[in-house]
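Down below is the structure, laid out as structure tokens.
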Amino acid sequence: MIPLSWYLILAAGLFSIGLFGVLSRRNAVAILLGVELMLNAININLVAFWRYGDISMMAGQVFAIIVFAVAAAEVAVGLALVISVYRRRNTVVAEELDLLKW
Amino acid sequence: MNFWNDPLKIAADWLTGVFTGWGMTPVAANVLIAFLGTLLLITILMVIDIFLVWIERKIVARFQDRIGPNRLGPFGLIQPFADIIKLMIKEDTTPQGADKVVYNLAPMLSMMSVLILWAIVPLAPVMLGVDLNAGMLFIIAAGSIGTLSIIMAGWSSNNKFSVIGAFRQVAVMISFEVPMLAVMLIPTIFAGSMGLNDIIQSQNIWFFFLSPLAALIFLIAAIAELGRAPFDLAEGESELVAGFNIEYSGMKFGMFYAGELLHAFTFGGFWAIMFFGGYRFFGLEKVSPFLAIAVLVFKAMLGYWVIMWVRYTVMRIRIDQMLAFNWKFLTPVSFVLVMVTALMNALLKGADGWLYVTGMILSNVIVGWVSLEIARSAAKQERERIEGPKQVVEAHH
Amino acid sequence: MNEWLYVGLFFIVGLIIPVGAIAVGWLLGPKKPNPIKQSTYECGIEPVGESWVQFKAQYYIFALVFLVFDVETVFLFPWAVKLGQLGLFAVVEGIVFILILVAGLVYTWRKGMLEWV
Amino acid sequence: MTGEQVIFLIVGAVTLLSGFMVVTVRNLVHAALWLVATLFGVAIVYTLLNAGFLAVVQVVVYIGAIAILFIFAVMLTRREAAETGAPLNNNWWVGALMAGLTFSGLVYLLQTWSGFSKTASTIPSGFDAISQLGAALTSPQGYVLPFEVASVLLLAALVGAVYLAFNKK
């Protein structure tokens, strides 16, 4: 049997990789890809806690499903923002979106 | 128990004996037997696939008042093998600037997305494949891998036509996935399970008679999902040459082609499983699993024949018409149908069998009729809007 | 777990078969590449520019509406499985759930975003 | 080491590697395809956790819809500079440092927890996760409110995204 710790470490690793992507990528679409990785890491944790806790309590799975909906909503709005910005400023590089600096 | 009644178990027992005799652990022997069984099933599928080429060519010929392949062997039966040899000895070209890894991966994924569907097909009461309790969604999941392979093929070919073809194809596939998913809820509601075997087992009355509209919508969505006429705009020869697979040659093209045919046959099978009782036919399936498989293959072939019939009868429609048809007609109708079915199912729960069936059919007919009437009046308005000014001009002359 | 092992086998064998077929084709076919043969097809003329073309934003809209309905319908599957054992209350819940989403479709429709212009 | 553990280690390694490729590769379509590989790995992890339904949903929603949406968005917003310039910004080492700190901090915190290396209980026979999920999502004592709120959330996302991307000034 696989101990719970393996899943938690995998999720922590995936979360950190996603965090690195969010902090370091230049392209706004790539930043959203990083956010997806982080959400997936959270989902692994939720399902692992469901499996290793009381199996008849469906909270873990229900929350995982809610996270799917949140991920879908996040991608829809996030990419729409990126496309909207691209249409106005013709760029998707996050550093060049500096209108609020001044 | 003899071979006629449960061939799989007898073969598996015999093989386990052989393998453990060679000094294998039972677990390893089990895995090896599963592997061999999978290999056997997929090999049979590939052989069926080869004959599907012949069937398709022969039947389209009859539809178009021709004879079709008739030179090689009796009735041209050797023709598909000649086709395969031709595909194999063709040069395998890769276009300039193509993304090599993605380009080569796409045809493999395309074929795989069809083959894995057979993991969950219940062939007979004793040959269930994998009886997943999420079977319905597995069909859609495999379809998503197919969609991805099309985008990969189109994007990696470094060709304008293939990119546009892939994008159109994907737009159509994902659009029609919505009504397909919605009507797949209806057999799920009737059976109270997503497992395909449970769905077959609960069809004492074929679900087609409970919800003919759902069966029809599923067929239309399946045809769009397969990218066949009238929804084959991705390969609109006059505008896009051949769509997403334009740059593929030899066996890689063969994978897309064979995958499409097998996919159509597979969806004929799923149509039969969801709405026409799958392997069940008046108790015939209990006699022998071989008969059950024959019933399923016969029903799948009938479904495949209907898909071909539509393909060679209806002409290709434009992408805007296709998407409008999906989002403004098929999707609302299928969601209304789901709501009505859920409501009727709850209201008629305790009712007598015949009352239940009559209520279901009546609600289907009413939903279908009302939506057709609305569509007809909308079409009439649209025609008047377009034709209105023209008549004025004619009056001037 | 066990049943998924068999599904995994199907994934593996389903990948081996096309790989094998393509490998055989690669072994048997001639290999004489030249620049003209490898240039991408463009109705017989020299390819112009790169393969990236300006796409209609409409593709994104359809993918967007699809995403929302896809997630929604996936939510409805557990509801449909359990529906036979639940009362009218659960049915009404599901209908409300669908109606909220259909409102989104109506909005998109009214805004004229479902037109392919 | 059991077969299950071997499968987990292979899948976990492939998942993390593809995740790393997602955040470092320059070509954004490649990044999206690596994301598909990562998500597929996560789906296999779900099957290892006996959550078959979620594994299938993962493939349907993420690979079938979200990855496609990403590729569409990449094709819509392509510009030469975005593909030829560096994939990472100048402060990428800060990001790497933060990620490393997060990972080590999480692992340190987790291994102080008593339940860290607990093993799973066996699943009772006849346990049907989908049916349980259906009951949980619809019963008033369960999660009926999150269920309905999710649909409102999706509606808001649809309306917002359509408005954002395509209002004509």
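Read from first to last, the chains carry the letters A, B, C and D; within each, the first residue is number 1.
Convention: contacts are C-beta pairs under 8 Å (C-beta built on N, C-alpha and C of every residue); 3 or more make two chains touch, one makes a residue touch a chain.
Owing to the predicted nature of the structure, the values given are computational and were not obtained by experimental measurement.
Undergrad: Which one chain sits nearest the middle, judging by mean Cα positions?
TA: Per-chain C-alpha centroids compared to the overall one single out C.
Undergrad: Is the C-beta contact count larger for C-D or for A-C?
TA: C-D
Undergrad: Calculate how many whole Å lie between the centre of chain B and the centre of chain C, each centre taken as the average of the chain's C-alpha atoms.
TA: 14
Undergrad: Could you tell me the distance, in whole angstrom, between the mean C-alpha positions of chain A and chain C?
TA: Distance between chain centres, rounded to whole Å: 21 Å.
Undergrad: Indicate the whole-number Å distance between the mean C-alpha point of chain A and the mean C-alpha point of chain D.
TA: Those two chain centres are 6 Å apart.
Undergrad: Residues touching two or more other chains, restricted to chain D: which are they?
TA: Counting only residues that touch two or more other chains, chain D contributes 4, 48, 50, 52-53, 57, 60-61, 64-66, 68-69, 72-73, 75-76, 129-130, 133, 137, 150, 154, 157-158, 161-162, 165.
Undergrad: Of all residues in chain C, which are in touch with two or more distinct other chains?
TA: 3-4, 52, 55, 57, 59-60, 63-68, 70-71, 74-75, 77, 80-83, 85, 94
Undergrad: Where in chain A do residues touch two or more other chains at once?
TA: Answer for chain A, listing residues that touch two or more other chains: 65, 68-69, 72, 75-76, 79-80, 83.
Undergrad: List the residues on chain C that touch chain A in their complex, please.
TA: Interface residues on the chain C side: 57, 60, 64, 67-68, 70-71, 74-75.
Undergrad: What does chain D use to touch chain C in their complex?
TA: Those residues of chain D that touch chain C are 4, 44, 47-48, 50, 52-53, 55, 57, 60-61, 64-66, 68-69, 72-73, 75-76, 78, 130-131, 133-135, 137-140, 144, 147-148, 150-152, 154-155, 157-159, 161-162, 165-166.
Undergrad: In their shared complex, at which residues does chain B touch chain D?
TA: 27, 102, 132-134, 137-138, 140-141, 143-145, 147-148, 151-152, 155, 163, 167, 170, 174, 177, 194
Undergrad: Quick one: which bits of chain C touch chain D in the complex? Just the residue numbers, please.
TA: Contacts found on chain C: 1, 3-4, 8, 52, 55, 57, 59-61, 63-68, 70-72, 74-75, 77-83, 85-86, 89-90, 93-94, 96-97, 100-101, 103-104, 107-108, 111, 113.
Undergrad: Considering the complex alone, what residue numbers of chain D touch chain A?
TA: Touch list, chain D to chain A: 2, 4-5, 8, 12, 15-16, 19-20, 22-23, 28, 31-32, 35, 38-39, 42, 45-46, 48-51, 53-54, 57-58, 61-62, 65-66, 69-70, 73-74, 76-77, 79, 81-82, 85-89, 91-92, 94-96, 98-100, 102-103, 106-107, 110-111, 115-121, 123-124, 127, 129, 132-133, 136-137, 142-143, 146, 150, 153-154, 156-158, 160-162, 164-165.
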